[in-house]
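Mind looking over this structure? Questions follow.
As written, the chains take the letters A, B, C and D, and residue 1 is the first residue of each chain.
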Amino acid sequence: MTKDMHDKDSATRRDFIKAGMAAGVGALLSPLLVKTAHAAAEAAPAAAPAAAAAAAEKPKLKIGDVLRVAREKLYPICRVCPECDGVACAGEVPGMGGIGSGQAFKNNYNTLNKIDLVMRTFHDVKKPDLTTTLFGHKLSMPVTSAVTGGVSYNMGGKMTEEEYVISILGGCMDAGTLGWVADGIGDKMDVFERRIAVLKNMFGGNAIVTIKPKTNDEIITRFRMVEDAGGLAVAIDIDSAGRAARAVPGQTVEPKTPKQLAELAKSTKLPFIIKGIMTVEEAKIAVDVGAKGVCVSNHGGRVLDYTPATATVLPAIADAIKGKATILVDGAVRRGQDVLKYLAMGADACLCGRPLVRGAHGGGREGVALMMNIIKDELTVAMTLTGVPSVKNVPANVITKGQA
Amino acid sequence: MTKDMHDKDSATRRDFIKAGMAAGVGALLSPLLVKTAHAAAEAAPAAAPAAAAAAAEKPKLKIGDVLRVAREKLYPICRVCPECDGVACAGEVPGMGGIGSGQAFKNNYNTLNKIDLVMRTFHDVKKPDLTTTLFGHKLSMPVTSAVTGGVSYNMGGKMTEEEYVISILGGCMDAGTLGWVADGIGDKMDVFERRIAVLKNMFGGNAIVTIKPKTNDEIITRFRMVEDAGGLAVAIDIDSAGRAARAVPGQTVEPKTPKQLAELAKSTKLPFIIKGIMTVEEAKIAVDVGAKGVCVSNHGGRVLDYTPATATVLPAIADAIKGKATILVDGAVRRGQDVLKYLAMGADACLCGRPLVRGAHGGGREGVALMMNIIKDELTVAMTLTGVPSVKNVPANVITKGQA
Amino acid sequence: MTKDMHDKDSATRRDFIKAGMAAGVGALLSPLLVKTAHAAAEAAPAAAPAAAAAAAEKPKLKIGDVLRVAREKLYPICRVCPECDGVACAGEVPGMGGIGSGQAFKNNYNTLNKIDLVMRTFHDVKKPDLTTTLFGHKLSMPVTSAVTGGVSYNMGGKMTEEEYVISILGGCMDAGTLGWVADGIGDKMDVFERRIAVLKNMFGGNAIVTIKPKTNDEIITRFRMVEDAGGLAVAIDIDSAGRAARAVPGQTVEPKTPKQLAELAKSTKLPFIIKGIMTVEEAKIAVDVGAKGVCVSNHGGRVLDYTPATATVLPAIADAIKGKATILVDGAVRRGQDVLKYLAMGADACLCGRPLVRGAHGGGREGVALMMNIIKDELTVAMTLTGVPSVKNVPANVITKGQA
Amino acid sequence: MTKDMHDKDSATRRDFIKAGMAAGVGALLSPLLVKTAHAAAEAAPAAAPAAAAAAAEKPKLKIGDVLRVAREKLYPICRVCPECDGVACAGEVPGMGGIGSGQAFKNNYNTLNKIDLVMRTFHDVKKPDLTTTLFGHKLSMPVTSAVTGGVSYNMGGKMTEEEYVISILGGCMDAGTLGWVADGIGDKMDVFERRIAVLKNMFGGNAIVTIKPKTNDEIITRFRMVEDAGGLAVAIDIDSAGRAARAVPGQTVEPKTPKQLAELAKSTKLPFIIKGIMTVEEAKIAVDVGAKGVCVSNHGGRVLDYTPATATVLPAIADAIKGKATILVDGAVRRGQDVLKYLAMGADACLCGRPLVRGAHGGGREGVALMMNIIKDELTVAMTLTGVPSVKNVPANVITKGQA
């Protein structure tokens, strides 16, 4: 219980959480706690030495402020709950929740939450190595952004889609990691073109671009554009195929046969990733058809009610294809410990979604970078206290089934 | 996370859910959320183009409005909770809840809820076939109404029993499926006659008629009337036998011996269905005595506190009698995914109860049809994302035990 | 869902429950629900025909009124929650709760609650036989009062101890069953004498009298008094021995060795019962030392935090001593279904506690009888719907482990 | 249900709990319950005989008052919840909660809570022996203080660190047991010196002193000071090593290799204890390197989110090293029953943390002693009702896995 173990950011974050405890349900905001939160917010400038007033235009962003602003912008689409567990927003699609009963989102959170970490301290891992390489790209840690978008209909429309993309890609880059560019089923070609232009002109192509499971021709056209923009890899989020029966012109989505997937893999010189894999069988097919990466994902619990947690299916998938393709996973990554758990289950890297939505809305590019850096810090502590020297080789015995 | 995956109905439904989150407990209605719900309700006419004003007398019904009106009419008998899980109404019989502790109702919901669906997308199931045949009658999907009634004492009396029956039978017919006609222990013969008249005159007999487990003579008299009205099938809901010890003249109910059941089966040319089966043993006897259908049911958790979930007992029953009789099931069918789960467990079709009570009270016949069509849409998506081409042959590996 | 299945008492009870949902937590009483509850209460006289006005001085007691009055008298000691599960009152000893964390009380409730009942309706059990015999005394059903007392310190003191004892013994007798007389560690001899006088003069000794585990001499003196009063049986509630280390003159309690227990059994011509047995080992010893009855009990979860549920230990105890001694059990008996469960686990009869405390406070002797009669009615329905002809031989396959 | 089983302190404690039920969430304080709590508080002087007014300056401290004052001083850092389970304060580090999701703290509580105690009363254990010896020091029971500190940043700063240390060490001594002296990562040498001075001058060295896992040189310097002060034993809380990567001059913490641990063990004539062991492997190493004691601990769930409960790992650790080193454990010790459970799992003694924080803030040294004496009383009852004669040999069959 020492003060030095936790920097001021953490303290501010906790003040927010305390306020959030009351405010999360939307109505029971205790005056006392509000005061505490405000005091924390005001404490920032007050704590700055008077002499630094001129330079204080750009003070270091604090997590408490990011969360506070995020809630103001996202409420009531997202309540920025103290713990982002899919309960408050259950059923809110469009929005930020899980579809239907919300159980698939809750599965992701609850299953991961019940996995414990084995603490070990008799070793000399003082400065664990978090760096890794993803499709040839060096990362400061094995965490990228998840595939999120639809600012106007999912997040309340307080940012433009472009501001959002820049925040995500820029914040990830600033934290030494990588962002993904999302796609929308109904996005017209000019929308996609503007997005690719941002990717190329502002970020030199440093991102993975995912396309909806449109017709192969439409996908291949877009793959070509990503290649031209210098993108690192392309993906399809095949878990978006549920509306196949409702196809309207220009908005086709469809499940894909192995043959169609092979055509896509062959169509591009970039690494091809299939996102939305939830069975060993399809993971093996993905490798067979030439995918360089698979992303174990149930689309954040937003496409098929009652899908299992990604943490439930990941271990068997990793057993089956480890080393044959890069294994990515998303689902309820909230803190560095979650990353360590997924690595211990066999993932090569994780995608982090909802926390970055908060970061982008609460602090733009800087907010996203702050979120990523907090996760990096938490992962460092977790690796030290479990004795894991490197993210590239996390032993399975770092995790254990939770008891309660 | 794409807009096009979800039509405006869904969006309106979610607005309702958000309001419901606060209002469900009866007292904590956040002003902000109320505003949101009202805005959604008002958005409907506002969104209609001015030119269509004349034709706007009959705008398309929206789910958000149906639920809002349903709550106004049903409150506090039914709170129209965001998730209909048997918690708020526990013990309310008469009413809409489970009997006693409410555990039997909660068992139905919780057990079904904990079953997961296996997402698969490497296939070409773009337009799954939902049609099926029930006792020779073609259905647009394997879902009928459940057996609900007692509007005055169970639902608050804001509709007449006749309006209710018309809403259920008409709404189901409009959605291409089928309704059931219920019976009451104390219903006098003239009540039954009026009900049968509606069935015959308005719906050409297109329904299944269920009779309470009265004396065999009383039942057979009513079977004859159903035959004359052109009914599709007859049933007894033998799970209503609990008050046998309290029989008053004209209100006898009783459990039935296999011999009595055989007499009933032989008494009619119509398919004879026994509703209320919860054991393999009685399912086998039902087949032996000549029943053409069984309905696995605990009467919605409303007759015997602590009965297991129908989802708990269905798989073994299906193993025992699959193909020998039509297997129906009710219990916590809330959305299309629930239907897919029950089919994977061996049911031929499901009965849906409480959602249609909402539909009938919130939008009459049109409201019931809307509820059925939403379930149809959800089932289509669920079949696409699990790769199931037809409801007639749903493999067991579509479901898996939930982990959290 | 038929009206006739539930009499008006039930309907009134449910109105209370609805009010209780809001009021149970002590602060959130919805005006609408209060109105409903009041309306229900007022409906009683209104419904009485005017001609019967003169005779209406003593209208039939309604459960809704009993619960309402009970809450007024017991609040906040007991909140008369819709479901009496040990949550609201956790830690309140003295009071009505479980000791410490309240977990032992909650164990009793939760474990019993998770046991399911197997519904069977293909039989001819129309009027099940609930009668049984306990120590030679004929009962209308296998349910007696539990051992409760300490009105002033446990229940708020709105009744005198004597009024309470009369309510319990009289109400049980009126319902055709039997009450127990309790003892207090600190009760002076004159208190015990008055209690025995009531037993003898008002009830002809028709009760079982339990004595605290005082010194054997003190116990035997009291056994003699019970014999003189014509009592049916004597018991010690040995689970009250926890304060042995704190003995003050006249207030000794102590655990007992088998030898001491044998001395007690031999000291009286009445059947000797040991209450507070939670292991097979001690159940066997009880039989060996000459006890004619054992009561599986953890004292309602009020003496040792974290004791298992009685439903957890009962089956093995019944296996070991069935037929060698009468097996009684208490713990969370709330309704007739609970009784059926305990019988299926091997008990010969159950003791019912907290519901009778409500009955006594809400309606005196008549209130206790009403509670007992509701349980009798529920047990009748439960036996009909499970096909159990007699309480004297309840098969184990009536119950099944709950799934959710 | 007897009055004499519970002294007036308990009654007052329950009044507090009732108030706490409402107040714990911070906003819903029922006026009725507040009145009850105040009435209880006021009842104390009122109950004192007028003649004793002069001597009433120092009335016996009551638990209800201690908790009330503790909440006033600790709120909102600690809400002094009726049950201290890690829910309300989840994520509050600094503060009194578990780190991150708070799951590690909740694991400690929930896992221990689900272990049941086997009640046995057929024996002659009337006055169980609670005394034991720890590193040659006689204790009135096998419970010491836990290692808590950081009053200013963890507890709200209403006491000075010195007042706090005196309360803990003095209260434990007054209750016949022992306190621990804590260390802070950033504590300068003069802070440590003042603490050791208090230990030496006020308590004759009667405490165990724990040092953060600084460099071995720094630790050995401090061990020497403890020896000079007459300390009983020294410890390092190696679970504080998580911030190794952030070392700043004078604030190094680090995991330790077995070789480094051996050097520490050899450096002192005092018994050397390693606190923070969560695996069998490290427990064995601790014995091998010469530790005389190990403390199974996850630092109260405050350093690594998702660590298992100490109750989960203790039994295997005890199996491996019982008798080779003194086995201590901390984690959710709330009452005497918890102590008995840990002893049955193989611990030699327990450390109690958060209850003493309440005691110190609510009643200083006297409050800490009162908390310890309540635990002692609860342990006495628990041993009597389980038939355990001595804390030195608690059989494993005293506990059983909880069912609900």
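By definition in this document, a contact is a pair of C-beta atoms (placed from the backbone, for glycine too) under 8 Å apart; a residue touches a chain by one contact, two chains touch by 3 or more.
None of the values given here were measured: they were computed from a predicted structure.
Peer 1: Let me spell it out: compute each chain's centre from its C-alpha atoms, then which one is farthest from subunit C's centre?
Peer 2: The most distant chain relative to subunit C turns out to be A.
Peer 1: Count the residue numbers both subunit A and subunit B use at their shared interface, divide by all numbers used there, and answer same if that is over half, different if under half.
Peer 2: Mostly different residues: under half of the interface numbers shared.
Peer 1: Provide the C-alpha centroid distance between subunit A and subunit C, rounded to the nearest whole angstrom.
Peer 2: One centre to the other, that is 55 Å.
Peer 1: Please work out the Cα centroid separation of subunit C and subunit D, and write it as a whole number of Å.
Peer 2: Centres of subunit C and subunit D (C-alpha means) sit 39 Å apart.
Peer 1: Multi-chain contacts in subunit B: which residues touch at least two other chains?
Peer 2: Answer for subunit B, listing residues that touch two or more other chains: there are none.
Peer 1: Chain contact graph: line, ring, star, complete or other?
Peer 2: Graph shape, chains as nodes and touching pairs as edges: a ring.
Peer 1: So which chains actually touch one another? I want all the pairs, not just one.
Peer 2: Every touching chain pair, ordered by label, is A-B, A-D, B-C, C-D.
Peer 1: Using the touch definition from the top, list the residues of subunit C that touch subunit B in their complex.
Peer 2: 1-6, 10-11, 13-14, 17-18, 21-22, 28, 30, 32-33, 36, 82-83, 113, 115-128, 334-335, 337, 341, 378, 380-382, 384-387, 400, 402-404
Peer 1: Where on subunit D is subunit A touching in the complex?
Peer 2: It is residues 25-28, 76, 88, 90-95, 100-101, 103, 106-107, 110-111, 114, 148-150, 152-154, 182, 184-186, 212-213, 238-245, 247-248, 251, 254-258, 261, 276, 278-279, 281-282, 285, 298-300, 302-309, 312 of subunit D that touch subunit A.
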